[in-house]
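Next come two complexes, and both contain chain A; in the first it sits with chain B, in the second with chain C.
Let's turn to the complex of A and B:
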C-alpha cells in the first residue's frame, strides 16, 4: 500500500522533472529549473514558465483525470473495458468543446469552453449508463461506446468542416487524438477547478465501489445509495474528462491501461485503484508527452497516437479474455 | 486593279508571316483565357488585354489571399474544376505547377492548351514569371514595361545592409526559411531571417520555444482569419505576448507575400517602413 504510493509518486515526479527538461530550445536541465524557480534575465525564464511548466502541469492533471475516471467507470460497471475514450465520453466532450469554440461562445466567456466540454462528456456518460444498464455487459458496453464515439466524431468533423476558418478542418485530428503542444497557463487555470472538483467527487466513491464488488443487492443491503453514487460518478467523470478534453483533445486508452496494470498491485480493490490510477495516469501521459517531443520533435505527433499504440493491443487482449465469459 | 489586289494580298501575307515569326513560340494571342491559380490570376489581370481574360479563380477575390481582390471582382470566378473550365470555352488555361494533376490532365485530354507556372522562390524569379506570362498572353511589351518598373522600385527599396532580425510566425508555428520568397523579401528589406538561422529550409514549423529564445527584433504575424481555430490560438500565447512586449510586433496581411508578382515589393516596402521604426 504505502510502497506503491511512494513508487508511483516518485515515478510521476521524475517524469514531471523530465518533462520540464525536454524541449526544442537547448536549455540545460539545471539551468532550466533555476530559471523556472528563480527567474532571471533573458528568454529562459519565459520559456520555462510560460511554455514548459504549463505543458508538464497539464500532463499531470490530464493523466490523473483520465486514470481516475477510467478506474471509477470500471469499478461502477464492473467491467475492465470501460474507458472514457473507448465508450465515447471523450468524443462527446470534444464535440461540446468544438461547439463552444466554433459558435463563438468560448470567445464571449472563457468558462464556456470547459463547461460545454463537461456537458458533452456528461451526456456521453449518461447515454452509456442508459444503454449499457447497471451491470454493463461487455458487448453492449462496447457497442454503445462505438456508436456514441462514431456519432460524436462525425458531428465534431461536421462542425469543423463548416467553420469559416481555413485551419479548423485540419484540427479534426487534434480533437480525436489530443496534444499538449503550445498550451499555456491559461489552459491550466481553465481546467484546474473542474478537475479538482471532479477528482474530489470521484475519490469519495471508493467505499461505495468496494461495496459494489459484492453485487448491487449486497451493496444496497450495506446501506449504499446507488442512485446517488451514479449521479456522483456521472458528474465527477464528466468534470474530469470534460476539462481534460477541452484543453488537450481526446487522449484515449490511458484510463484502460493504467487501471489494468495497477489492479493486481492494489488487491483489486476499487477504492485503492482510484488514487493509484490517478498517479499512474499522470505518469503515463507525462511519459507519452516526453516521447512525442523526442521521437518527432518537429511534427507535433499526437499523444493519442502513442497511447493507442500501447493501449490498443491491451484492449484486444482484454476482449479476447472476456470473450469466454460472454458466450 | 487586279494587280493591286494581288499586291495587297501579298503584303497581308507578308505581314502575317512576319507577325507569326515574331510570336512563333506562342502562336496567335489567345482570345479567351481562363486562370485557375491564385498567382496566375494576378499576373494575368496585370498583363491581359481588355476582354482577353475571361475568368479567374475564386481565391483571387478573397482579400485574405489575394493582393488584387478588388480587381478580381470584375471577372467571372471559377473553382478550378475541369468541367466548369471546359464550359467557359477557353483557348488557354493558366495553372500553377502544383495545380491538381488530375485537373490539368483532363483539360489537356479534352484538347485545351494548359500552361503551368512555377512558384517563385526569390524576388528574381518574379521577372522570369512576368516574362513567361507576357509571352503566352502575347503582350511582351507590357511584360517588359512591368519588369522595368519592378527593377526601378526594387533598386530604390533594397536595403544596403542587414541591421535587424525578423521572424515570420504563422498559425501552427509555421514559418519560412532558406529558399523561399518570404526569406528573400525579408533580406531585401534589411532583415536577417530567424527561421533561416535556425536551419529551416523551405516552409516548416518553428517551435515556440526556439522563437522565444531567438528573440527577433520584429515578429511578423498574419491578421486573424474569420472564425476560431486552435491553430491560430498560438498567436495569442502568453509567451508570444511577452516577446512582442520587448520587441516590435507587426500584423500584416499576407497576400503580398504569396505570389511572385510586383506586389511582393509592397511587402518589402512595408518592412522597410517597419525597420525605420525600430531602434
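Let's turn to the complex of A and C:
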C-alpha cells in the first residue's frame, strides 16, 4: 500500500503547487512561490498569501473532508452509494447559509455566512441524533438523514420563493453551486479546527469499519462498540462536511466518486480507504478548482458545477464497469 | 473449566416470549450441537448468551466488557455477510480484531493464526482470491476460518454447515470436534441430526419455549423427544462405524 500512498501524496502536492500558480494575476510559478515564502514588497506576496494560498489550502481541506467522510459512511453503511450529504448535514448547513444571505447578515460581516452555515449543520446533527436514537440501526440513520435533507431542501426553496428580488435569489443560487473563489485565510482558520477534529475522529474508526465487513452482529461480537462508532461517525462527518459547506457551499460527487475509484486500489479494506480517499479527495478538488480557473477564466465557473459535470459521467462509467463484473 | 454459564436466561422480543429460564453450563472439551425446529430460538439463545440481545437472567459472556468478550468467544452469524470484495486472507485476518490493539498492525503471531485457520479449513489455494466472488459454500468455509482465527476458548456458530457439500460438512464437524479435543468448546446450531449424532459430544434440544433436553446424543435423540419436539420418527442405531441416525416420517 506504500506506493499508493506515495502516488496520491505526490499527486496532491503537485496539484497544490499548481493551484498556487494559477490565477488571473500572471505570476510565474517560481516567482510566486518565492513571494509566498520569502514575502517582500509589491503585489505578489499579497496575491499569493491572501488569495491563492487560502484557495489552495481550502481545496486540500475540503477535498480531504469529503473523501474521508464519504469513505467512512460507505464503510459504516456497507453501501458504495453512500455519500457525505446522506446524513442531512450538507443540506442543513446550506439552509443556514441561505438564511444568512436572505436576511442580509452575510453582507454585514464575512464571517456571518459560514457561522450561520455551521449553526445549520449543528442543528442538523442534533436532529439526526434525536431521530436515529443512541441504539438505532443503519437504516434509521439513512431514513433520518433523508428526512432532514428533504426538510432542509424544502425550507431552502421556501427562502428562495420568498426572496425579495431576483438579485437575492441569484446570489443564493450561485452560492449553493459551491466555489473556492475569493475565500480568505479567515475561512481557513474557521474550518481547519473542525475538519481536523472530524478527520482525527473518523480515522480512528478504521478497525471498526473493517470489522463491519462481516456484518453488525459479527463485528459487535468481536468487541466493536457499535453505538459509539456510530456516534463518532455522525459527529466526525458533521464536523468535516458542515465546515466544508460553510466555507465553500455544496460540492457534490467528490465524497461519492473518490472512495469508489480508490476502493480496488486498497484491496477494498475500509480502513485503508479512509486515508486514501482523503488524499484522493484533496487531489480531485484541487484539480477541479484549477480547471474552473483555466476553462472559463472570465465567466466564474462554479466548482460544484464542475465536480458534478465530471463526477456524474465518471460514476456512470463505474456503474457500467460494476455491471460488467457481475455478469 | 466452564466457558459459558447461563442462569435463568429468558428472552422476550416485541412482547413475545422466545425462550424462558434456560440454565446451562458449557465446559471445555465439549462440542455441543444446538438442535430444535425452525423458530425454536437457537439463534436467539446464542445471541442473548453473547449479550447481543436484551435478556433477563445472566450470561457469563454478556457481562464481560466488549473487548474481553471478543477474546472469550467467537461468533459466526447465520447471515454470511461479506460487504466488500476483500481477499480471503484479509477476511480471515479480521478474526484477529479483538487481539490487535490501538494503532499497531498484526504481528507475526497473528499472521500465524491466520495461516493456521486457512490451512485448517483447506483454503490456502483461495488465499488471494476475492471473497465475494467465491461460491456460497466457499464463502461459508472462509467465514468459519475467520471465526477460527479469532482463537477463542469458545466458538459459537449459527448453522455453520448449511449449504456445504457432504465432504466439507464432515470436515467442518471434524474440525469442531478437534477444537473440543484440544480443550476448547464449540456450540453449533445444526439441522442435520445425523451429523449431530455422530460428531457432537452433547446435544441441547430447544423447543416449547425453552430447554427441552440436554445431554449426550443418545439420550437426547429419543423417540419421545423427536415426536414431541420435531414431530418425526427416526431410526437410531449404534453401528461399528459409529452412531447412525436417520429421520423417517412426519408424525401429526
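Everything that follows uses one rule, which is that the second predicted complex is superposed on the first by the 237 of 327 C-alpha atoms of A that agree within 3 Å, B and C clash if a C-alpha of one lies under 4 Å from a C-alpha of the other, contacts with A are read in each partner's own complex, and residues count from 1 in each chain.
One rule holds for everything that comes next: a contact is a pair of C-beta atoms (placed from the backbone, for glycine too) under 8 Å apart; a residue touches a chain by one contact, two chains touch by 3 or more.
Worth saying up front: this structure is predicted, and the values here are computed from it rather than measured.
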Touched partner set for A:185, first chain B, second chain C, both or neither: first
Touched partner set for A:174, first chain B, second chain C, both or neither: first
Touched partner set for A:43, first chain B, second chain C, both or neither: first
Contacts of A:166 with chain B and chain C, given as first, second, both or neither: first
If touched residues of chain A are counted for chain B and for chain C, the larger one: B
First, second, both or neither for A:211, with chain B first and chain C second: second
Contacts of A:51 with chain B and chain C, given as first, second, both or neither: first
Partner chain in contact with A:101 - chain B first, chain C second, else both or neither: first
Touched partner set for A:298, first chain B, second chain C, both or neither: first
Contacts of A:23 with chain B and chain C, given as first, second, both or neither: first
Chain A residues within the chain B interface of the complex: 23-27, 43-44, 46-47, 50-52, 101-102, 104, 106-107, 163-168, 170-171, 174, 182, 184-186, 297-300
Touch list for chain A against partner chain C, complex: 78, 207, 210-215, 217-218, 220-225, 263-264, 267-270
Touching residues (chain side chain B, partner chain A) in the complex: 171-173, 204-205, 207-210, 212-213, 215, 225-234, 237-239, 242-243
Touching residues (chain side chain C, partner chain A) in the complex: 47, 50, 52, 66-71, 73-77, 79, 81-87, 90-91, 94-95, 97-98, 100, 143, 146, 150
